[in-house]
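Each structure below appears as structure tokens.
Two complexes come next, and they have one chain in common, subunit A, joined by subunit B in the first and subunit C in the second.
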Partner chain A sequence: MSLLAPVRSLPGLAALTTLLMGVALMLALIVAPEDADQGVSQRIFYIHVPIALTAYFCFALGAWKALLLLARGDERYDLESYVAIHQGTIFGSLTLLTGSIWAKASWGIWWTWSSNQLVLFLVLFLFYCAYFMLRFSLEDGPQRGRTCAVYALFGVALIPVSFLAIRMAQDFIHPTVFTRHGPQMSGSMFTAFCFCWAAVTLLAYLLYRVELAGKRVDANLRELREALQ
Partner chain B sequence: MTQGQYVAAAYGVVFVFVLAYVAIIAAKLARLQRQTTELLRLAQRRQQPDRETADAGPREVLHEA
Partner chain C sequence: MSYVADVAVLARKDLKVELRARDTLPAMLLFVLSTLVVFRFALSKETGDDAAYGLLWIAIVFTALLGLSRAWVPEHEHGVLDGLLLAPCDRSAIWLGKSLATLAFLLAAQAVALPIFALFFAPLDATALAGVLLADIGICAVGSLVAAMAAAGRARELLLPLLLLPLTIPLVVGGVGAAISPEEGRFLLLLALYDGIFAVLSWASFEFVVTE
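Take a look at the complex of A and B:
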């Protein structure tokens, strides 16, 4: 009964995510005013930035779960860390895609290697892509869990570097919206952004829970098969 | 491409990703359902001889008596 309890809350969570996503999209695409400088292409900001922040959050969550695995030795943290990093790479690839589309719309280029923040995000993304190569090249067991946990913890050091690079960079390509003086946008734009951020975070959490539930059912079935045969 | 089309493309990419994810989860769910059915049949097959043995047991005892 207790095993099914986490799965039972998923339909409610999915309904809440759908509702919040609908409101967020309406605010971002209809209610929020058009940017005077960038025009309609600025609306990509409402999806690109929340997705990027969620990718950072997922990688950080994966590293936190990896730390818990190393500290407590509980095997369930290995699966949780893996699923969080998997979500991080999904949202990371979406960050790169939406960012490229926005760059093309605003500045006429898909990608530039001269921009540190873009390259650093790509490095972070590729670092976590290599996590899967490491994971699937090792034999299943506690040793694999610990090795992957150490790797995930190394990657987390890249998150503040990538995040701060956007603030420290002096080039033209990547604007800084959140400064020490607060958000550099109007109230309705900021409200739309907050809703989008909440919706994307909730979507990531929902996908994390769904994937985790699927992987646990898979593992339970494998054990059951072994017990029956 | 117009600016509006770029916006549509950015939001469309996210939508397609979520849709693909749901499709993958649906495929996985179908596989899990198939595996559960297989395991159920396996458990039933294993239960069948046990039941037959249990049914035969007391009858033999009665026969001997």
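Take a look at the complex of A and C:
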């Protein structure tokens, strides 16, 4: 019975995510006013930015779990770190995709090397794809967990250093919505944005829980099968 | 024995192995020279010096990769790593010794390649050379750790470039910036920052990568 305990809350969580996603999309697509400058294409902002923030959050979570694995040596953190990074890579590729669509709509090009955020995401994306190559190349066991944890921690150190490097290498033309003077949007736009952000974060959390539950069931099943043989 | 003496012994071991077997350094030298020759034909006549500096950095990164992919091979082939792990020294000393030995190989390869680059492609000033030195330190520090990770995997030669190349992007930005930017000081600072952060990270985490 204890095997099923972590899975019980998942249907409720899924229903809540769907509800929040619906409200957020309605706010973003209908209620929020149209951007005077960019028109309807600006509405992708309500999806693109929350997904990007969620991807960063997933990478940070993966690194945090990796740090816990190295500090405490508890092997369950290995799977948690891996699943978080997996979700981060999924949301990262969605970020690249929605970012390209937005770039095509507002700048007329699919990709620009002078957008720091796009390039930083590409670097991170390559880095974490290599993480999977590393993980699948090593033998299963505690050493694999620790090696992957060290690599995941390097990724988090790479984010600020790459950002600095990319920013120094290029001029800065990405639309800056958040400045030091607070968000540059109207009240209802900000509300819609916050709802979208909450919905995407919840979606990421749900996916994280589902994948983790699946991976744990796999591992338990393997152990049982080995015990029976 | 003190920590410094441990590191010196380990680095000297690698240099001695290389002096006897001559596996890595001649390969690195030949590679960097042939890369520069290939680049001579890849560049059109109208391209300026800036493109040449960019290509120099590709040559440096790939030469370092070549050296690093050989770095842990002797340790794995003859079970040396197990012996080193049993030795009564701090594990991070193994990483530091390997980094210093790899740095020595890379500097030796560059001692030949950089004058040739300056002669045939574009001049190198003191800041560009400082950039090369700082980037070398970063590549060897991170590379020795990542190469140890890759060496434990099934596809070690294949894995190393995949793992290391995303990590070298800030170094390439800093190195190229030090060579071509008018504000070269900022780029040297970036390289020094990178070296500091990643050297400390690698030093602290090496033990986790090699311990069974």
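Definition applied: the second predicted complex is superposed on the first by the 211 of 229 C-alpha atoms of A that agree within 3 Å, B and C clash if a C-alpha of one lies under 4 Å from a C-alpha of the other, contacts with A are read in each partner's own complex, and residues count from 1 in each chain.
In the analysis below, contacts are C-beta pairs under 8 Å (C-beta built on N, C-alpha and C of every residue); 3 or more make two chains touch, one makes a residue touch a chain.
Since we're looking at a predicted model, the values are computed, not measured.
When the shared chain is aligned, subunit C comes close enough to touch A:V123, but subunit B does not. In the superposed pair of complexes, A:A71 makes contact with neither subunit B nor subunit C. Judged by the touch definition given at the top, the superposed model places A:R146 against subunit C, while subunit B stays out of reach. Using the contact criterion defined above for the overlaid structures, shared-chain residue A:S162 touches subunit C, although it does not reach subunit B.
Look at A:D218: by the touch rule set out above, it reaches subunit B but stays clear of subunit C. Look at A:L16: by the touch rule set out above, it reaches neither subunit B nor subunit C. Shared contact residues of subunit A, touching subunit B in one structure and subunit C in the other, are absent. Subunit A meets subunit B in the complex at residues 25, 29, 39-41, 43-44, 47-48, 51, 90, 93-94, 97-98, 101-102, 104-105, 203, 207, 210-211, 214, 217-218, 221, 224-225, 228-229. Subunit A meets subunit C in the complex at residues 70, 123-124, 126-127, 129-130, 133-134, 137-138, 143, 146-147, 149-151, 153-154, 157-158, 161-162, 164-166, 168-169.
Put simply, subunit C touches subunit A in their complex at residues 142, 145-146, 149-150, 152-155, 159, 162-163, 165-167, 169-170, 173-174, 176-177, 186-187, 190, 193-194, 197-198, 201, 205, 208-209, 211-212.
Taken in their complex, subunit B has these residues touching subunit A: 1, 3-4, 6-7, 9-11, 13-14, 17-18, 21, 25, 28-29, 32, 35-36, 39, 42-43, 46.
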